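Below are the structure tokens for one structure; questions will follow.
Labels A, B, C, D and E are assigned to the chains in the order they are written; within every chain, residues are numbered from 1.
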Amino acid sequence: MSGIILETRHMRMAFGGLVIFEGIDFALRRGERHAIIGPNGAGKTTFVNLVTGLLKPISGTIWLDGQDVTRQSPQQRVKSGLVRTFQINSLFKALNPLESVLLALLERDGRGRIAWQKVAAEKQQIDEAMALLARFGLAGDAYTLTDSLAYGKQRLLEIVLALALKPKVLLLDEPAAGLSTQQGHEVFSQLANLPGDTAILFIEHDMNLVFQYADIVSVFAAGSMVLQDSPENVRKSPRVREVYLGA
Amino acid sequence: MKTALSILTAATLATVSAQGALAQETVKIGVLQSYSGMTSLGGQQTDFAIKTFMQKYGETPGGFKLQLIRRDTTGPNPEVAKRLVGEVVTREKVQLLIGPDFTPNTLAAAPILTEAKVPSFVTGAATTGIVGEKSPYSTRTFFATPQLCKPLAPYAVKQGWTKIFVVVADFAPGHECEKFFVEALKEANGTLVGNLRTPLSNPEYSGYIQRIRDAKPDGVFIFMPLGELSIGIVRAINDSGLKASGLKIMGTGDITDEGYIDAVGEAAVGVITSGIYSTQHDSALNKEFVKSYTAVAGEKNRIGWSAVSAWDAMRLTYDALDAQKGQKFDGEKFAAFLRGHKIESPRGPITIDKSNGDIIQNVYIRRAERVNGVLQNIEIETFKDVSFK
Amino acid sequence: MAHEGTNVLSAHNLSAGYGAAQVLHGIDFNVSRGEMLVVIGRNGVGKTTLLETICGLTTLQGGEIKFNGVNIEKLPPYKRNRLGIGWAPQEREVFPSLTVEENLAIVHRGGKWPLEKLYELFPRLKARRTNYARQLSGGEQQMLAIARALASDPALLLLDEPVEGLAPLVVQEMVAAINLMRTESQMTIIMVEQKHEIALAHSDRCIVLDHGAIVHASKSSTLLADHELLDKLIGVAA
Amino acid sequence: MSVMEPAPAAVSQSGHDYFATLARWKIWEILFWAALAGCYFVPEMDRMLMSRVIIWGLFAMSLDILLGYRGIPSLGHAVFFGTGAYVAGFCGKYGWSEPISALFFAMAVAAALGWLTGKLVQRVAGVGLLMVTLGLNLILFDFVLRSTDLTGGDDGLQGIVIAPVLNMFRFDIYGRTAFWYALVVSFILFIATRILVNSPFGLALIGARENPRRMITLGAPVEGDVSRAFMIAAAIAGAAGALLTQTTQTVAPPTLSFQRSADVLVILIIGGAGRLYGGFIGAIVFILLQDYLSSISPVYWYFWIGLLLVVIVSFFRKGLLPSLDALLQRFIKRKPDAPS
Amino acid sequence: MASILTVLFNGVAYGFLLFVMSVGLSVTLGMMNFVNLAQASFSMLGGYILVTAMQSHGLPFLVCLPIVFVLVGAVSVIVERLIFRHFYKTDDLTQVLLTIGLVFMSIAMATYFWGGSYQRFDMPSWIIGQKEIFGLTLETYRIFLVGFGAVMAVALIFGLERTQLGAMVRACVDNRRVAGACGLNTELIFAFTFAIGGGLAGLGGALSANLLGLDPNFPLRYLVYILIVVSVGGMGTITGTLIAALTLGIADVLGKYYFPQFGSFIIYLLTVAFMLWRPHGLLGRGA
């Protein structure tokens, strides 16, 4: 593992009077597969929203690849390689997967503001979009309206959209939610095939998936990080059993 | 849809003109007034007046058969008015026009009427310099702003109401009226103690009325467009107690126009206005006019000055057509005939000016009172043959 | 009251869908008092549609449904609820602009489930009673949806994937709560669940849906034991 | 899910084809414009009315960029229309009588105003956006109406002189020049807009319409795009306004009234938003019917217009064009699919 | 000093006038999320019913008000059952188009039935003129308006907004399907709320028509004001509507007194500023 790619220092957050984090220190290393687990309402999604810039922390700093990005807009963070997916599908319903992925590629390559020539002229990006879709078994649905795709395929497209941006850090909020056990494994095995230097941070409730695919697990509970350790040690921790896993 | 419409229109036209061709020459008259929206009463009165007139004096003056083409200008909307004028002139081939109403519409229509040599009657626009100056074929039967705005100033000073507060609506006619009144007031040695321009969409006057109260004037002069504003301000001054404490309310006849005075209600009693026409005008012709108009329109639709202007436009049309009896209709001759023409109108005598076709008429100072339980404008003083300048 | 044996709900030759589209084809099943029936199957085979058909939210294209011996297929949803059918929908369909307490209060009918008892069942909700439902976390919304279904004092509870997206500990709590409901108040339950291990382990009987039709019905324990059949029906092995 | 057919070699090619087909001119499009041009030759056709229809169509199309493609409703679109109209009017009044260059100038001024408006509202959405644009519209209207010295107020600008187009075609009362001028300018701007909506930027606008939050997480400058969309829409609305001034040689406050903003929204929704042609179809239906109804029933035509709106939203929920399109699709589909 | 207080009082009175005019829309738009511009037409209908009852049937003013409330409420339920209920699920713009179409139709119908001119109101003598209160000369009708508006506001806030019924309505709006399956009779709740909203709009029309003048264009003339008040106040809150109405009313009257040259700018500028500051309105809920 070669150094830290994403870090939060004393990150504090509250909604009105309700304190979510007292001060989180968190580090993600390059190429790491890192899972966040914890009881519902522990602030896992809030953590992702803070890191990606949809929310602003009350105090503390966020560092991406050695840069302080606390004041950066979500767009700037995306440009720096920090990309996420959403817990509940957040796709372009009236577009098809090809158009959706192409949107991502055009933004990545800075060609999204071209107004004087046709989309069809962006040959390189179109080819890349088709290739990406093919890799995730979505080629046959490239022209199907996203809204009418099966749920599992929408989840996959969600991930393809994020991958299209060639992220350094990929944040996945419950990527297997709503999928059957088998589909969940399929998604994760695809993620396991990503280039080794892409760090992946994911929130997941299915412990089978967590223990099978994560290098390291952080456990959040009641506004703080209870434990950060290897899956085996987390599984054995009595504290984690008490707040999260149960008997 | 387009083609369907045009075929339909063409078919209607064909039948109409076929009927006309059998008899004598048809003169098509375009009637361009507001029939919808906030200013629709003008169009309504115009229609009643024309109908009454034609019932009374027949439909074939000078042997010409008249055909009316009505269009809705929707209010002061020059773009619409110009297009409608263009449409009735180029496609319907009207030879005469009653309207369009409102100054902006009149101004917009003028170039087309000049180019097509179509005589028109200005029955609803009061701005100065918009008649002969813009189209040599136009004739005004309405009034010009100074006719109403000037006489009240000397009248007020003569009554000893020397400190006057001026309230006008904040748009071009208001500005013009304010100018004329203030000039006349200075000439008559009155004092302007304050003035206000109020917005055109304005349901609430109390802030303004407090300003009037603070200025302690003898009288307030008001110019507001007919409708919500003209009703609202008189009522607001009355409700505030200012009228009861002795403030004289004056204004152009708009604020006690017969079409709206019932809505003003008790607040109107005692209001002094300058006007060109009142149903109470004492003449045989007027009594006859009121009787026959009411027979057509019913008691509920009272007679305002749009009705009289349209009536006089018809009178002038009939006179001019009679003069062309047996000839082919000629617009230029028609307009020329009217220059310097003088008629007796229900409002009193009127003269069409020789130089530009504008109107010279008596202006009356009236006081609103209840007559047999009905609010009326009683003429109390007459300024004779007031010029349009 | 129970005329047809102890059947709380019986569906006969049920066909339903949304508008003209047909999702369910000739479904037959019964649930008897105090029983827990689970409906399992792959994504999109019509499990949710089945529950919504019982609630009256779909277009019924044929067949009949009897609740406590009464035909209900023509009744509007709110009347079915008043007869005693409670529904806890999936996707956390709570009322976001109402507080937790309001969510419960507007449908509350007392009976076996006074508010205190609901809060006892889900203590987290009590802590957040004045918060708007949209401010709750996913798991809390799930609890609220179930509590809301109970608040109308149902004789039959329809649960749509009640443990989806919940932390393991909460899943255990939820399962315990469900068991409590059954033992304490003889509640009849129909539950749709993707996580078949949990579903089968805690239920009496099961039906398996595929393409809108029942392809298997048995005791839950039977199916749970038969790995081969389970694999064939819902493709468990990855 | 795992039983996906392997990507055939042709698939990547078909990606290009897909976008190329989307952008290709359809036969009905050519027919539409040809029919519009052909109106000129129909006897008894009111050409001034037709040029008005075309101008309204262009105006509605400009709103379509905002509403249909970016998903931003505006209740103040007449601000840009009126700005273009008044700028063209001022040009004509103060000696810049050459129409084409004045049209460009009017577009530029309207575009600048659009960009500023976009800056102002880019963080506002929904009702807030509607009310802010409505408020701006009311303020500008009030200003123009009251500034009689500058704008002529209620009477409108007087003394507008427009030189013949290309020094050859005079604007006459029969609307011959007006018709062609409006049609050609509108067609050129239509083509430009058509290119825009088929471009990567057009796709980005649609993306932000569908899901602005997701566009942000793709790194798109969503707020900047709002300004850009406003600027482009304003420029075209300004062109429509300038066309109206130049073809009628009149400009008065109704060109930037709230009523006009509402009308253009109605026209676009009637026709169907997000289709580029919705504005034109809506204008043809609405303006022609309005004209027809107000001439056969000057007093009560409001009733029939109202009824028209109610009927359209009842039976053509998404507007005429999409509803007819859906009908056509069903009809086409039914044939080959008949056996299954 | 006296003049400032009088102006302030007039501002409050104008604020309550705006409140009674807008509260009907506040109920249907705010609570039911239905953009019903035709509320302005219901207001007009209220005005015409008042006129007919008072002028033609000689009923006392105070007796007419409940009649207006009930009749307009009944009419609005009929319209709701026949037309509106089919449009609950459509987007805002479709609802705008539908209801503006109804407004146009109502204008033509009012012209047909009552004529194009302004109506005459002969108000009872106890309500016209002025009263001396704390040394200030105040208009009696405005005092009545303030009192009536205040009672109405309190009744609505505590009787509709903060009650079980209010929560039920919001639940139906949030998710109609689920609300039905949870035992709420959504049709009945919607119809009832609509009746309240329509009745209030009618009442607002009856109370304001006397001051503002009543003619067939009433809906179009005041639609913008109603929209401004409801949006500035924020969707879904009667309290917000009240605060917005009072703020705008006082600002308008004070502005006209101190800066008459700005005319209507003040109210428009305030609207723009408020909406930029709080796009969901003063008390509105976030997206």
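To be clear about the criterion, a contact is a pair of C-beta atoms (placed from the backbone, for glycine too) under 8 Å apart; a residue touches a chain by one contact, two chains touch by 3 or more.
Treat the numbers as computed from the prediction; the structure is a model and nothing was measured.
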- Steps needed, at minimum, to go from chain B to chain D via contacts: 1
- Item | Contacts common to chain B and chain C (chain labels) | E
- Quick note, more Cb pairs in contact for D-E or C-E? It is D-E
- Note on the structure: Averaging C-alpha coordinates per chain, one finds the centres of chain C and chain E separated by a number of Å equal to 44
- Task: State, to the nearest whole Å, the distance from the C-alpha centre of chain A to the C-alpha centre of chain B.
- Result: 73
- Take the average of all CA coordinates in chain A, do the same for chain C, and state the distance between these two points in whole angstrom. 32
- Here the gap between chain A and chain D, centre to centre from mean Cα coordinates and rounded to Å, is 40
- Flagged in chain D as touching 2+ other chains are 142, 146, 299, 301-302
- Item | chain A, residues touching no fewer than two other chains | 150, 152, 183, 186
- Query: Which residues of chain C are in contact with two or more other chains?
  - Reply: none
- Query: Between which chains does touch occur?
  - Reply: A-C, A-D, B-D, B-E, C-E, D-E
- Message: Can you tell me which positions in chain A touch chain C when the two form their complex?
- Response: 15, 37-41, 45, 87, 150-152, 174, 177-183, 185-186, 205, 207, 243-247
- Query: Residues of chain C touching chain E in their complex?
  - Reply: 52, 55-57, 76-78, 80-82, 87, 89, 93, 95-98, 102-103, 105-107, 109, 148-149, 152
- chain A contacts chain D in the complex at 52, 54, 74-75, 78-79, 83-84, 86, 90-95, 98-100, 102-104, 106-108, 111-120, 122-123, 126-127, 129-131, 133-134, 137-140, 142-143, 150, 152-153, 156, 161, 165, 183, 186
- Note on the structure: Interface with chain B, chain D side, in the complex: residues 39, 42-46, 48-50, 52, 142, 145-146, 148, 152-156, 158, 173-175, 244, 248-252, 254-255, 284-285, 288, 292, 294-295, 298-299, 301-302
- Item | chain E residues touching chain B - in the complex, by the definition given at the top | 3, 6-7, 10-11, 13-14, 17, 111, 115-122, 128-130, 137, 139, 141, 211-215, 217, 221-222, 224-225, 249, 252-257, 260-261, 263-264
